[in-house]
Amino acid sequence: MTAPAAWPLRMPSIGYRLLGVAALCLALALATDAFLTLPNLLNVMRQASLTFLIASGLTLVIVTAGLDLSIGANLGLSACFAAAVIQASGSVLLGAAVGLASGIVIGVMNGVMVTWLGLPPFIATFGMLWMVYGVNYWYMAGTTIYDFPQGFRNLGSGDALGVPVPVYLMAASMLVGGLFTRYTTWGHDIYAIGANREAARLSGIPIRSRLMLVYTLSGAMAGLSGIVYLARLNSAEAGMGDPLLLPAIAAVLIGGTSLFGGIGTLSGTFVGALILTLTLNGMNLLTIDTNWQPLVMGVIVLLAAWLDASTRRRAEARA
Amino acid sequence: MERAPIQEPPARAVPRVEMRGISKRFPGVRALDDVSLTVHAGEVHMLVGQNGAGKSTLIKVLCGAVHPDSGEFRIDGRPVRIESAADARRLGVAVIFQEFSLVPHLDIAQNIFLGREPGSRFPGVVDRRRMHAQARALLDALGMDLDTRLPAAELGVAQQQMVEIAKALSQNARILVMDEPTAALSDHEIDRLFARIRKLKQDGIAVIYISHRLREVFTIGDRVTVLRDGRHAATLESARTDMAGLVRLMVGREVRTHRRRFGESAGDIVLEVRDLEAENGVHGIGLHVRAGEIVGVAGLVGSGRTELARAIFGADRVLGGEVRLGGQRLPGGPAEAVARGMGLVPEDRKESGLALTRSVGDNLLVAALPRIFPNRWYRFGTAARIVADLIARLQVATPSPGRLAKFLSGGNQQKVVVGKWLGAGVHFYVFDEPTRGIDVAAKAEMFGLMETLVGDGAAVLMISSELPEVVALCDRAYVMRDRTIVGELDRRDLTEENILKLAMHHE
Amino acid sequence: AGGGDESDAAGEGRETIAVFTKNQTNPFFEVVRTGAARGAADMGADVVQYIPTRPDNIPEQMSQIEDVVVRRPDAIVFTPVDTQAMVPGVEQVNAAGIPVVNITDPVLGGDIVSFVGCDEVTLARDTGRYVLERLGGAGNVVILEGVGGSVNSNNRVSGFMAAVEEFPDVTLLASQPGNFQRLQALQVMENLLQTYPEIDAVLAANDSMAMGAIEALEAANRPALVVGLNGTQEAIDAIKAGTLLASGDCDGFNHGCLGAMAAVRHVRNLPVPDEILIPITVVDETNYQPLDIPLEERMCPAWETFAGE
Amino acid sequence: MSRAAVLEGGARWRAAASRAPGVAYLLAALLVFFALFGPRFASAPNLLNIGIQSSILLLLALPMTLIIMAEGLDLSMGAVLGLAGIVLASALVAGYGLPAALGAALAVGLVFGVANGLLVTRVGLPPFAATLGTLGAAQGGALVATGGQSVVGIGPSLPALYASSWLGIPFSIWVAVAAYGAFHVLLYHTRFGACVFAIGGNRDALALAGVRVHAYHAAIYALGGLMAGFAALLLTGRMNAGHPTAAIGMEFDAIAAVIVGGTRFERGYGGLPGTVLGVLAVGVLKNGLNVLAVPSSLQVASIGLLLIAALLVDSIRGRS
């Protein structure tokens, strides 16, 4: 890499994380025969891709030193709306459009609360979480919508050229997101805002429109994930996004994105999602009691945070 | 290296404080280089020097906030180690810091006694009645009529400064350090403070007093130590020196006030402000700046100069009046101001000028992106070229463009803040305290840069507390008091005396 | 016609029954709630539904009980979110003198008028037996457990185990929790499919997990017999479509119906047995018809059908 | 003299009203609304219910206020409360007396609180990440220890204590009131309290005053853990059992109550009375909606609305 490419210093310790991934893979390959098989690796990629999709928009929000706690609820509502529309109209495209639109609308509302109304993101999006659940509980009234056309279901559970479809979605959004954050001035603005919002504002960056963009993207990715999850599960129910919030946050944190803002990458988040998935996959393959999962996840989050705290300072001082 | 003359007073008792061979490096700066200082009981020892000479660092070393790389201390002749603020306190050192060290949501009494609250019968519980009574007594002694239950957040700068002083006095210290205590005070308050200091002298307290107001060396000081670029320049008896001598020692050469060659032809009006009123309190502002002009804004600390700058730039909400840039009315908001060619170099560069955790390169480009990459596509090659160019042009001392801004020295940070506007195609600059905390050489460069800018047809509005700078550099100056402009001085009338007369006017 | 008058005027005749369920996400409880509403309406009583805002939240259901005691309904039809932790709640209701009919999950303390539900161990055992017989009494099976440690899940898993033990040639490969959730079951199943090259049957502790397992099996193109529990509409549709083999049903609709009826009867001083066990059916492609009607159109059975003395 | 004092008193009230967080007005509005339309809402037993239901949350929200004022966050409180409840219940089941069992619960809370404090101050981890990690550890610990089962058979001593009342006021309300009193004294009348303000408001000032900032900073988190351990007393008494997941998510409720009560993540701004209002507002809302028998989905949405509305009121008033 040439010197200029090094200076948007966004994630210094990705090397260690990749080392962690390699170590996990090695350990699992030694411990179980089932791990190092193509189907299982594709399986891991599929699960990691889904986690990445939800966490990707959140990554950008956290880069601006914000937070979006509503993504899980948002995902659930989008899936339910999409499901209802597909059932009613028979049109998958229409359903997907409605699901995506619902995600975007929630994202926009978060953005309005955080930028124009100046509410703290933590509580604004937490309040949004409750409102979205309320709407969804009311709308679904305890029912499940299920059974979708096979073509649609392939979006979540199908393969193309032997590779799971969500992996393509992940790759596409990582590519687009990577280009956006790295090769557009908007992306650079977002990092500037996260690093020092006041300095960014006084440098003439239109803070509000950039933050609106980021929260809207987060909502849109939640909506998109909702559609993919719908396709994967072949069913939608009101509470389906609830268990997905904390893993998404954990993936972002494990990926090295700093909650103080200004530091973080989408590729880091993908590595974070991969580490999480590998761990859970390994625990399943080794048939370890699932009750251990929260503990293991907590330890990984702590390790990643510690890694950053201890390596970042040195990496920065070297630059 | 020649050793500066140190005049010891006639052999008295052992000195109260002796600091010997103190050195301290910060990344990129040698803040203190083998500095020694001796202060006796009952003496007011003045410490003077230019910005960045190392005065504050020296006293931070004394009070345990900064650990020196080398050097030793003696107090009352006994060698001591000062590892922490607690150590310093135990040894009887009390400090009034230059940056306010008040806690916004604690009241005056709590701030005064922070960390030393008078206890009650119950362990850990503060005897608030006693605390407020003691605070009351301290404020009374300083002639301050403030409710001790007021939170610090509600105090003005001068009041905060007085609370700082009360806080230091409350420690019954044997060594009292004051870092520019009068910077924010009016004459009346200064008189009271001096009376108090004379009383402390009689009580046998050693006072170290840092000031930029050189006259105070003669009104209150017994001896004076001059620091220059982190080195000890001289220690003299106040009575045996004069203003010109001090300045020579401070600057290290014959008094060479920076004289700008004033161009005869000021161009068109670039900025025009009419009847401006803003949420932050500035009101009734009318001013204009022409191309090729450097226009000063002077006033005491707290007079609202920063607020004026922020209102013009649109950083704080404007309630009335108008700002015209190049004849066009600005709709308000920094984004619009920048888009139309206005740039602000804010006074608190670490808070609102720089992203300390980003690289020099990123900081230099942050405002320029829309201009450099109009189609929004970021090209690293172009960016690197422009950054390299800016670094060379401004002579920013940085090992690489990837260096984080927080590791640069103050002067270089300031250059980066200015540099971000150079790339952004700005033709009207507002500099708020551009030389605060930067060293002599960087200061000269900064002035040179400003001259170049106006030479190229840009216009500059410069806020500064350093009156000599204003006098030396500006074509004209506005003077502020109570958040409004109280007068305008053109080239002929622009003297420190005239500025102060307008700025301090007592009704 | 003001709303306030209505309750007063009708207050003499119509009883109000408060119905407590565990969450608003599991379709099973929607069926229960509908049944309770229908059962009460059939007897000329009103229902008010209470559901914790956070699914299965213990302190919240406790608070709702306290709030309802203030409102003083004539009786309470109660599904505890936790069989143990809700005992003090029932005791509070007892202290307030409001009768409690316990449905679906037993609450392990306090005084109740009657328990309406089914024997979950038997439910799971019969369903397990059904699928294992289909396998011809030999093969490799996995069990998908519910929320680890919940009485619900424990009973169902032990029923499955009992069935497995009846067939010496059946091998239990793994018993893994899927928390009653479709996504978790899907992921667990995907991982199990990697570990075990041959899986002949999946015994899931509820229908959602069964459907998740089916998704995983279909995606991997690895056919296996799958059974679930609860007899939800989705399960019925899957049975019709041939993807799900069977679902052990202990009709939640009837839990609601009979629970509400028992409550109203108790208020009216009519006799109510201590326990009403709803019969168990293993629903497969031969006998799903009675369940395959829209929820709104389902009718409560006559009281005597299940509770006749 | 007395006249001046009265005037000053009036001025102070007005100042207090102008500083009152927006949630104070919402709470007042809710109380009026439910008193008018909620059958028996304004009865003594129902008001006691609100107190009982709010008491556990208050025990978490009080230390959370201090943590947030110190520019931190503690996501582990709910999980630690769950784990401490398991330990408390298990100790009772094993036949230890209530004091010993409570001691064990407090110890568990303290261990996690100290761990949080050290991770934040010594290791230098961001509070969010540090406490998310310990959340996992505590929750995982509770699940592994119990296999997800309730711990039952805790004997009569704790339930009896929980069910007891004095002067007609139930035990849990007394505990909450006492905890508030203790925290009030702690925050407003002790050196520790001044340090809490200073850690958030001007950490350097505290260091320059010679105070060991790290120790106090870590102590704030330790206090959070301790209170989570203590809250296990009420939670276990309330359920007559220990349950590993009973308190999951309660930390988010506590954080919401604190923020809605006017405390901010910046500059040591905030206070305890606002937190009480925040806790009560959520309690009153849920109770009132239950009393009105509003559908659960609407209740869920109203909680979100309340949070956002309270912040909006603050934001609008902050601007004018």
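Worth a mention:
Each chain carries a letter (A, B, C and D) given by its place in the written order, and its residues are counted from 1.
The definition used in the following text is that a residue touches a chain if its C-beta (ideal position, glycine included) is under 8 Å from a C-beta of that chain, and two chains touch if they have at least 3 such contacts.
Here the structure is a predicted model, which means the values were calculated and not measured.
Centroid distances from chain B, each centroid being the mean of CA atoms, peak for C. Of the two interfaces, A-C and A-D, the higher number of touching C-beta pairs belongs to A-D. Between chain B and chain C, the centres computed from C-alpha atoms are 72 Å apart.
Inter-chain centre distance (chain A to chain C, centres taken as mean C-alpha positions): 34 Å. One inter-chain figure worth recording: chain A and chain D are separated by 30 Å, centre to centre, where each centre is the mean of the chain's CA atoms.
Chain B and chain D have Cα centroids separated by 43 Å. Across the assembly, chain C contributes 24, 53, 148 as residues in contact with two or more other chains.
Contact of a single residue of chain D with at least two other chains is seen at positions 143, 147-148, 295-297, 299-300, 303.
Looking at chain B, no residue sits in touch with two or more other chains.
Taken in their complex, chain B has these residues touching chain A: 313, 315, 334-335, 337-339, 344, 346, 351-362, 365-367, 369-370, 373, 376-381, 383-384, 387, 400-404, 407, 420, 424. Contacts from chain B toward chain D in the complex involve residues 63-65, 84-90, 95, 97, 101-106, 110, 114-117, 124-126, 128.
Within the complex, the chain C residues that touch chain D are 24, 48-54, 57-60, 62-64, 66-72, 82-88, 108-109, 147-150, 154. Within the complex, the chain D residues that touch chain A are 79, 119, 123-126, 128-130, 132-141, 143-144, 147-148, 252, 255-256, 259-260, 264-265, 295-308, 311-312, 315, 318.
Taken in their complex, chain A has these residues touching chain C: 32, 34-35, 37, 39-40, 43, 47, 130, 133, 137, 141-144, 146-147, 157-158, 229, 232-235, 237-240, 242-243, 280-281, 284-285, 287, 289-291.
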